[in-house]
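One structure, as C-alpha cells, below. Some questions next.
As written, the chains take the letters A, B and C, and residue 1 is the first residue of each chain.
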Amino acid sequence: MNWKRKDLLGLEELKKEEIEFVLDTADSFREISTRAIRKVPALRGRTIVLFFLEASTRTRVSFELAAKRLSADLVNISSSTSSMLKGETLKDTIRNITAMEVDLVIVRHGMAGAPHWLAREIEPGVVNAGDGCHEHPTQALLDMLTIREKKKKLEGLRVAIVGDISHSRVARSNIWGLTKVGASVVVAGPPTFIPPCIEKMGVTVKYRVEEALEGADVVMALRIQRERQGKNLIPSLREYRKIFGISRERLRLSKPDALVMHPGPINRGIELDPDVADGPQSVILDQVTSGVAVRMAVMYLLCGVGKEAISRQLSAVSKKQKAESL
Amino acid sequence: MNWKRKDLLGLEELKKEEIEFVLDTADSFREISTRAIRKVPALRGRTIVLFFLEASTRTRVSFELAAKRLSADLVNISSSTSSMLKGETLKDTIRNITAMEVDLVIVRHGMAGAPHWLAREIEPGVVNAGDGCHEHPTQALLDMLTIREKKKKLEGLRVAIVGDISHSRVARSNIWGLTKVGASVVVAGPPTFIPPCIEKMGVTVKYRVEEALEGADVVMALRIQRERQGKNLIPSLREYRKIFGISRERLRLSKPDALVMHPGPINRGIELDPDVADGPQSVILDQVTSGVAVRMAVMYLLCGVGKEAISRQLSAVSKKQKAESL
Amino acid sequence: MNWKRKDLLGLEELKKEEIEFVLDTADSFREISTRAIRKVPALRGRTIVLFFLEASTRTRVSFELAAKRLSADLVNISSSTSSMLKGETLKDTIRNITAMEVDLVIVRHGMAGAPHWLAREIEPGVVNAGDGCHEHPTQALLDMLTIREKKKKLEGLRVAIVGDISHSRVARSNIWGLTKVGASVVVAGPPTFIPPCIEKMGVTVKYRVEEALEGADVVMALRIQRERQGKNLIPSLREYRKIFGISRERLRLSKPDALVMHPGPINRGIELDPDVADGPQSVILDQVTSGVAVRMAVMYLLCGVGKEAISRQLSAVSKKQKAESL
C-alpha cells in the first residue's frame, strides 16, 4: 500500500491496514539501529521540528535519535525557550516556524486535540507525541511492534491494561490500535480510574486486577501519573499497590509466557514490583528499542518518501557502507 | 565584488554595495530551502557558535536552520547554561569557546556594543543577532530582501515604521539600511517613543500615524516590547492601539499594494489588528522565510568562501542530488 | 598497543602506556580542528549521549565539538530535562537511554563513583566527565597533552598544583596521571584544603606557596569553587589571594619558562592575577584547544575503532577533501 496521510494524530483514525503498514515499515528500520553505523541518508536535508510543550526525556530522545539515524535536520523547541513566553499565540509561533520551510512537526501538548488543530493550520505533517489525556499514537505503535515481534502476531491475543485508564493517552491509543488488529483488551483499575462508557471502545472492564490478568498474553501496567491526576482518586499509593500492583504472584494468573510491559517511567514498587519489571517476562526495554524504529518509520512515511524507495535505499546504503569499510 | 569583512555588526557601517551583495547572495540561497533536500555542503566542517544571552526562539531557530542547511556544525550556548553563572567574565567565556577553533560566533546580548567589543577580542567572525536597543542587522536585511522580492526594487520606496523607535534595534538597522539603498523612511510613534535627533539618520518624523502611512509602499509595525521598555512611556496599551495601531481603515491611507510587515512576535490587537496581520497585504511570514536565506548568506560570506564558489557549488550539488535520486 | 577498555573512569586505573596511548592518539586528532573543514567521518552513525547532571558549559561544548568533528550523532540529556524529575531512578533512566542502542555515555555527576557504577550497569562505554570531588580524567589528559606539547616531555618535570586540593577532581586526576608518567607533583594550599594522607598518592605537600613554586616547570592554579566548598574553610577570598594567589612576583620563583595553567573558569584576581593569566607563560587557552583533541581521542578509542584505522582514515579524508576542494 501507499501511505497517504499528512499527519499521525491518533490510532482512532487509522485503518487496520495503515497500522500494519507502519509496523512493517518499522520492522525494516529496526535493523539500522543495530549496525555499527546506525545511520541511513533517507531523510537527508529534511527539517523536523520537535515542539514539546510538556517536559519529556525519553520520548524526545527517541524522536531525536530516529531523526538523526535518518539523517534529518532537527530543531528543538520547548515551552521554556519559546516566544510564547513573550505572549505570542501558539498559532503565530507555529506559523513562524513553518514559514522556515519545515517538513514535519512533532508536537507534545497538554491539551487534547492541540495536534489536530495544528495539523489543520499548517502544511507540514504533524505527529502527535502525546496530547493531554487523549492519544499517544507512537507509543501504542511501539507497544504493538514489541508484542508482534515477541508473539509473532497481534490478532487473537488477550491484553490486560492495568492502572489509571482515565488519564492515560497510552491506554487510549493502545485500545484503538489493539482492537483494530483483532486483539482483545481488558482494562482494570479502581473505579475512579475507569472512564464511563469505556466499553464502547470495545474493551472489557474488570475492577479486580486478578480477573484482568487471568489468561492474559500481555500485561501492560500504566504509570501512576502523580503529576497529572487529581489527588483524591485513590486512597494512597500503598493501597493502590496492594490492590492493583503487578507482583510476581499476580503475574502467575496470566499465561506463563505473558509479556510484561510499561510505558515508563516506572514507579518501582507501586504499579510494578521490581522483580517483575526486571524479570524474564519483562519486555520494557524492548519497548524502548522498538520506539526508535517506530518513530523512524513514522518520520519516513510522513516525509512522503514512497515505499518502493525503502528497500532500494536500504540496499544501496549497505553497499555504500560495505564499500566505505574496505 | 568580494566580501572582505570579518564581522557583521550593523548596517551603519556597511556600504550600499555590501548590503546589495548580501541580498544578492541571499537570493541565490533562498531556493535551497524550497528543495526536497534542503541542504548543501557549503559549510561542512565549519563550526558556528550561537551565543544568545537574551531569550529568543525564532531568531535562534532561524540561525540554526541556516547553519544546518549549509551543513555547518553548530553549538548552542545560552545564558542559562553558561559558565558566566560561575562568575566568569564574558571575555573569558568567549576566549575559551574560540580556543576550541570555531569559525563564526552569532551573538545576542542585552548591551549595545557587546558584539563590537567581542569582534575586536576574537579572531573568528562575529554576527550581531541583536545588541540592546542598537542594531539587529540580519533582521533589517531580511526585511529588505522581502521588500525587494515583492517590489522588485528598494530605491525610491516610501517605508513607514510605526511604534517604539527609541527601543527598537530593528528600526535602527532598517533606517541605516533602507536610507543607504535609496528608500525614504518615515517614522511615527508617541513622542516618548521617538528618540531626539532621529532626523539626523535621514528619516522624517511624524507624530500622527496617519501622516506616516499616507502614500507608503511599506508599513512596518514594531512590537511593543513590554519586557524591554520602561513602564510609563505610554498611558496604556489600549490607548496606544487607538492612536497608533494599524487597523484596516488606517492601512487604506497607504498605497493599495503596500506591504504590511512586522518583525514578530506580534501583539495581536495592539500594534497590528489581526485582520491586517493575516490580510492579503501582509508579508510577515515571507519575512520569516527570507530570514533563513539571509542568515545562510551571512554565514556563508563570513566563513570566507569566495563568491565564485557559490554557483559552482550549487550546480555541483544539483548534479549530485540528481545522481543520488536515480 | 590496542585499546582494550570499555570505559574511561579515572586515571587511577590506567597504566602509563595507556595514558601515553591516549595522548598519542590525541596528537593525531589535534590537526583536524585546525583545518578549514574541521571534520572527519570516523564515528559517523555512532551515537554518543551527553548525560550531564551538573551544570557545565566548557566541558559540555568541548565534548560536543569533539563528537561533531568525528561526525558522531549526539544526544544531550541534562538533569533539568530528565525524567528523573518524575521520580525515576538513575538506573532506569540510563537503561532506557541505552536501550535506544547507543555507543558511548559521557557522564558528569555530583557523586563520586557514579560513572563507575554506571559502567558496570550498561553495555556501552562510559566516560567520566567529572564525578564529585573524585576524578575528571579528560581534564587531566588535556593538561598532560598541553604540557607535553610545550615541554616535549612529561617525565622529570616538576609540577606545582596550588589551591583547594581536597575538593578538586582536577587535582586528583592530574596527580594520578602525572606521577604515573614520571613527573613530580607538589601540592600547596591552606591546611583546610589539603586532604589528610595525600602524600600516599606520591606527592609532596607544601603549606607555603613559595616553596611549591620554587623550581617548578608547571604551575597549575585551581579554581576556588565557591559553589562547591563549605563556607568556612578559608577566612576570606582576599586573604586567600594574599597568601596563595599566583602573582607575577610569586611566579618568578618557578623556572623562567614555567607554564601557567588553570582548568577554568578563572576567578581573576583570586587564584590567578590577570597579568599572569594573560601573560606570556600562560597556556590556559592551549589547554582548551587540547581538550577537544583529547575528547576526540577518547571517543574514538572507546567506540572501538582500531588504532591502525586512524592513519588510514585520516589520509583517506585528506585525499577526499583535496578532491572535493578542486
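Note that in this section contacts are C-beta pairs under 8 Å (C-beta built on N, C-alpha and C of every residue); 3 or more make two chains touch, one makes a residue touch a chain.
It should be emphasised that the depicted structure is a prediction, and the values quoted were computed from it without experimental measurement.
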Equivalent-chain rotation between chain C and chain A, CA atoms, steps of 5 degrees: 120
Copy pair chain B, chain C: interface residue numbering same or different (half cut): different
Averaged-CA centre spacing for the pair chain C and chain B, given as whole angstrom: 39
Touching two or more other chains - residues of chain A: none
Complex contacts: residues of chain B adjacent to chain A: 33-39, 55-58, 60-62, 64-65, 68-69, 226-227, 264-268, 285-286, 288-289, 291-292, 324
Chain A residues touching chain B - in the complex, by the definition given at the top: 41, 44-47, 73, 75, 77, 81-83, 85-89, 92-93, 95-97, 99-101
